[in-house]
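Right after this note come the structures.
In what follows, chain A forms one complex with chain B and a second complex with chain C.
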Partner chain A sequence: MITAFLFRSLDGKVLAGVAILIALAILVPVLSLATGPDSALHMPTYLVALFGKYLTYAMLALALDLVWGFCGILSLGHGAFFALGGYAMGMYLMRQIGPRGTYGDPILPDFMVFLNWKELPWFWHGFDMFWFAALMVLVAPGLLAFVFGWFAFRSRVNGVYLSIITQAMTYALLLAFFRNDMGFGGNNGLTDFKDILGFNIQADGTRAALFSLSALFLAGSLLLVSGIVRSKYGKVLVGIRDAESRTRFLGYRVENMKLFAFVVSAMMAGVAGALYVPQVGIINPGEFSPANSIEVVIWTAVGGRATLIGPIIGAVLVNGGKTVFTGLFPDAWLFALGGLFVAVTLFLPKGIVGTVAQFVTRRRQNKAAAKADTINGNPQAAE
Partner chain B sequence: MFSRPIDIIIPKLAPAFAMILALFLALAALPARADDDPAALIKALGTANFTDAEKIVGDLGKTGDIKLVPALEALSGGDLDLRKADGNVFIGKAAGSQMTLIDPLSGAEVGKEAKGGLVKIKINNGLRRAIRAAQGGLTLLSPDRAVRLEAADALLKAPSQDNLELLDTALAKEKDGEVKKLLAEARAVSVIGSDLPLDDKRAAIALIRAVGGQDAVAILGNAAPSADPALKGDIDAAITKIQADIALWNSVQNITYGISLGSVLLLAAIGLAITFGVMGIINMAHGEMVMLGAYCTFIVQQAIRAHAPELFDWSLAIALPVAFLVTGAFGLVIERCVIRFLYGRPLETLLATWGISLMLQQLVRSLFGPTNQEVANPSWMSGSFGLGGLTITWNRLWILVFSLSVFFALLMLLKRSSFGLQMRAVTQNRRMASSMGIRTPFVDAFTFALGSGIAGMAGVALSQIDNVSPNLGQSYIIDSFMVVVFGGVGNLWGTLVGAFSLGIVNKFLEPYAGAVLGKILVLVLIILFIQKRPRGLFALKGRAVEA
Partner chain C sequence: MADKTTNSLLYLSGVSVSFDGFRALNSLSFVVEPGELRAIIGPNGAGKTTMMDIITGKTRPDSGDVFFDGGKIDLTKKDEAEIAQLGIGRKFQKPTVFESHTVWDNLELALNKPRGVFSTLFYRLTPKDRERIDNILETVRLTARKDDLAANLSHGQKQWLEIGMLLAQEPKLLLVDEPVAGMTDAETAETAILLREIAKTRSVVVVEHDMGFIRDLGVKVTCLAEGSVLAEGSIDFVSSDPKVIENYLGR
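Up next is the complex of A and B:
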């Protein structure tokens, strides 16, 4: 059954995408580690970390695409799930610092010593073990999505209202994580990480490995989402997106199906966040800001909503553009991003991939029609 | 002020000879005191010890001679000096290495003396209090109302039985209501510590209780230890009563804070109630319209400062139409260029308007810089006034008045004007309205412009209480959406109720949970509320499955 699931998920574009990602996962570490710094093919570590970051963003955009593109739930709070996954990983990394912190406390992270706390809060226990942190990366966002979705979908909050309350959710979390009393480092968040699973987090090898992991996880997510949307369940999801009431009247349990997609998407976002934190070296409450979550929506929209490859392309393109732009003309970036929002909604409602696909299909249809016409002996009248 | 610690100087290891000397000095001072001549009394001050000095000061106070005030002031300021040569007392003013001597009664300059020839008359806290009371007594009869008020206040803070006589005299003469009230209080405080009959003291306690406030609690608390044991119960009861009153006033004050926050929310949300609530556009650029309105205020004030400073008090009145027109024009352009292509696709309007908001923010940042701009309050909006136990600031009151007037004006426009009728017709059934001859694109454009213009006017008001920076709008956008969604989309009354209930709930949670946690709780409450009523407090009723 799983084979069938995977087999179905692998059509042309997805296969190509997965292949490219796997190739990147092998190639980039080789270019970064095996070549000398003088080699023309050498990839500096900062670029590895930068592209690794883009890949985690791509995974987040893909997660959003699952619920927005295929299920019609425009979540303006996906940054919250991303940040929660990131915080789970950050807590593990904080515990790994051990006595190497500024204050040298073997158990308490620096900020707790600074706040004069005497013992670890209960929710920090267990994060010294990687498996537990990894579990929490899935559980924390998944649980939040489950509880939130359970209430929201059951009471049929949808459309604009759902978007606005997801925004309220991430805003509330933003305010909460800013508080020092919450025990997550307040304003400064978690940073100064030393190592992950015993490897120095700054080392080139670790960076390259993290990049490969991001690429592989993204490839896995691509397969997963592709499998989901091509399954029978996926067809119903699209049905819900296009006509929710009709699907409900046909006898499907709409709220459960939405809930499943929402939770899976949140967990994917959490994993993306967990891969993001060791590569950028910090997680702070700013990740919860509503503006971040809205930006994820634009990545997805630029690449192509309801396509599988689109969000990945969109996330990499927009973020690459951001890196270049903010370097060259720092003042112009917000104009460019804002203009992108407007232009994409007005002129490219299907996104880059969607528009290209539409173009290709139309040409193919035209060709087929022309061929059919020739065969039938009616060459097209010259107009 | 009243709770200032009363430190009593206890001479711990006073050498015996000093005590003997003090005794001699006191004996020497006594004959001088016998006659009530102010000059002799002041001279006696020079040699008296602290205890005697207190008595002398009390006597000075009883003379009722206003001319004595400078001398007492000099004494409390440490400027009163004793000339060693003849034992006379002067007010000394430093002039180079010498001191200029001033006669304490006449105020005339009488000569100079080397610093070594003078001894400063020392005072302690007990004496200082006596001086204040004496000054109070002397100035109680002053023709200047402000001086009398201050004097009554001083006596209130330093109760003593000796003041009673003086207070009674002053009370009999006093005409001014406020001064009279303060005098009565001062008298009541002094009565509690006196040897008057119990009934008088009970009446005094009742009077203080009726006055109320934190000061009254302190007054009674200080009087309690030295008061007649029979009065203990009365004093405790009075304190409990006053504290209950204070708690009540505090919650009333919280309600006023809540109403004030509610009016700010209403003002911020009211434009959104049009663009989002009526037109169904998720207008994420709404906050930036508010921000533009605030910058209009800034520009208008700059222009007025430069060209017509005398008009400054009118700056807000001038800024209002300017902001309305400027942001309305922005809204018109946005609607014509972007939003009209997106009707019926609310989620896309969200993205497009978010993009517009980013561009507007950056535009303002590029033009005016990222820092806060200073917008001043006109004089009629500064300051505050008291109402019972409440303090109400003028700007908050004006914002409440303004937000309500905007609200009702908008309501009238929607319900009573032909434009409002067309607006409602278009939003309810676009095609039907079009068939009836309504120019729907025109109505759309001007409805959006109206919503934006109102946001701009809100910006004028909010510039008075918030920082005018490019991020101004961002801090209101989520709150505004919460208000509209909570109140119910498409219903102005819902926006009104939503704004005030969120404001009041927020301010009531704050004392218990803190400002941030209170806000989080409100957000969580709204999220839960939406589950219960997905269409808000006042939902529009309809039969459609998917409205």
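Up next is the complex of A and C:
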């Protein structure tokens, strides 16, 4: 059953994507670690971390694409699931600091000592164990998505109204996490991490390993999403996107179908967030900001929604552009981003990948038609 | 409950529903026997589409009874998905198919199979399902176009695809809303043959404005006006009824 599911997920493009990601997972650590700093092929650690960050963004965009591109649920709050996964990982990393913090408390993280707290809040228990934190990376975003989706999809909230309440959801979480008494470090968030699973988080080797893990998890997500959208369930999702009432009158429970995709997508976003935090070294409430979630939508639109490779390419290109652009003209980036979104919506409504795919199919069809014509000796293309 | 309930496939009694003060259905009573093909006519706003909305669970009646399958199932307590699974299929007025899926995929999705998340996630097409889809393709005359996107079909072909999807659902009762709207005369005649063929194995209710088409079907006709039944009987009987002429045909 599972093998059939995975087998179906493989096609040329997905296979190529997975192969490239696996190659990156091997190649980048080699270029970073095995070559000396003087070698022309050497990859500095800051670049490894930067590209690792892009890959986690790509995973977030892919997660959004599953619900937006394939099911028409335009979530403007996917940053919230990413941030929750990030916080779960951040809490583990905080607990790993132990007595090495500024205040030297063996249990309490620095910000709690600073706030004069005497005891660890109940929800911080267990995060000293990696397996528990890893579980929470899936459970926290998954649970939020389940509860949110349960109510929203059951009440048949659709279209722009759904988008608005997802935006409100992430904004509410932003405000909540800003408060010191929530117990997540308030404004400053969680930072000053020391090590992960016993490895120094700043070390070149750890950075390289985190990059490889990001690439492998992205490859895994690609296979998973591909398997989902190619199954009959995936076809139902597209059916819901295009003609929701028809799907319902065929006897499908639209709310359950949407809910499953939404929860899977939120968990994927959570894993992306958990991989992101150790690579950037900080998680703060800013990650919940509505603008972040909207950026994810732009990456996906630029790359091509309802394609599998599109969101990955979009996330890497736009963020690469952002890194270069903010270095050159720091103030102009938001204008450039806005302009990009308008341009893509107007001129490339299917995104980069969607447009290329359309071009290739059209050429292939023309060629096939031309061939058929020469065989039939018929110069007029028959429709 | 009366005999009528237990022998009927679909039983509506005293159904009323209002929208913002407008009485769309006014104590409507209507019975469909198992295996019956029934045509419904009536002027715009007579409540034809609202009646279908009530039967398929899209709208809840303010009052009245709606029973299915010999009075065993109260449809007013079910939602759209449950009603569809019970065996009531519905074709919309405007052809509604999955445009970005192929004709084949459209039928595969409609096929009467478990509808849950996990059963669809791990579903694999069996040879029997293939055969079934092939048969339906033949019935609705779309075999040659099975790999084309539904978006590229002509209007009439979309109507047929939607009828094919209903067949794939294997319903006991088919509700068909204006199947020949926008069709050519030849397509209309073909559709009449198709519907008569379908009605051999299940009950069909057709809403239509096209009197020539209704005559082609040659079945019992119900005329609705202002939310209730005006006349019922053969096409000749109904079309000679003075009330029908005044309310509908004469206009």
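The rule is simple: the second predicted complex is superposed on the first by the 378 of 383 C-alpha atoms of A that agree within 3 Å, B and C clash if a C-alpha of one lies under 4 Å from a C-alpha of the other, contacts with A are read in each partner's own complex, and residues count from 1 in each chain.
We adopt the following convention: contacts are C-beta pairs under 8 Å (C-beta built on N, C-alpha and C of every residue); 3 or more make two chains touch, one makes a residue touch a chain.
Quick caveat, the model's predicted, so the values are computed rather than measured.
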| item | value |
| --- | --- |
| Clash or fit (per the criteria above) of chain B with chain C on chain A | fit |
| Touched partner set for A:Val30, first chain B, second chain C, both or neither | neither |
| Which superposed partner A:Val236 touches (first chain B, second chain C, both, neither) | second |
| Partner chain(s) touched by A:Val147 [first = chain B, second = chain C, both, neither] | neither |
| Contacts of A:Met129 with chain B and chain C, given as first, second, both or neither | neither |
| Chain B versus chain C as contact partner of A:Asn256, first or second or both or neither | second |
| Which of chain B and chain C A:Ile228 touches, first, second, both or neither | second |
| Touch count on chain A, higher of chain B and chain C | B |
| Partner chain in contact with A:Ser245 - chain B first, chain C second, else both or neither | both |
| Superposition-derived minimum Cα distance between chain C and chain B (Å) | 7 |
| Chain C-contacting residues of chain A that also contact chain B | 245 |
| Residue ranges of chain A in contact with chain C within the complex | 1, 4-5, 228, 231-233, 235-236, 238-239, 242-243, 245-254, 256-257, 260 |
| Complex interface listing, chain B residues touching chain A | 280, 282, 284, 338, 341-342, 346-352, 354-359, 361-363, 365-366, 474, 478, 481-482, 485, 516-517, 519-520, 523-524, 526-528, 530-532, 534-535, 545-546 |
| Touch list for chain A against partner chain B, complex | 74, 148, 151-152, 154-161, 163-165, 167-169, 171-172, 175-176, 178-179, 244-245, 290-291, 294, 297-298, 301, 331, 333-335, 337-342, 344-346, 349 |
| In the complex, chain C residues that touch chain A | 56, 58, 80-82, 84-85, 89-90, 92, 96-101, 105, 108-110, 115-117, 120-124, 165, 169 |
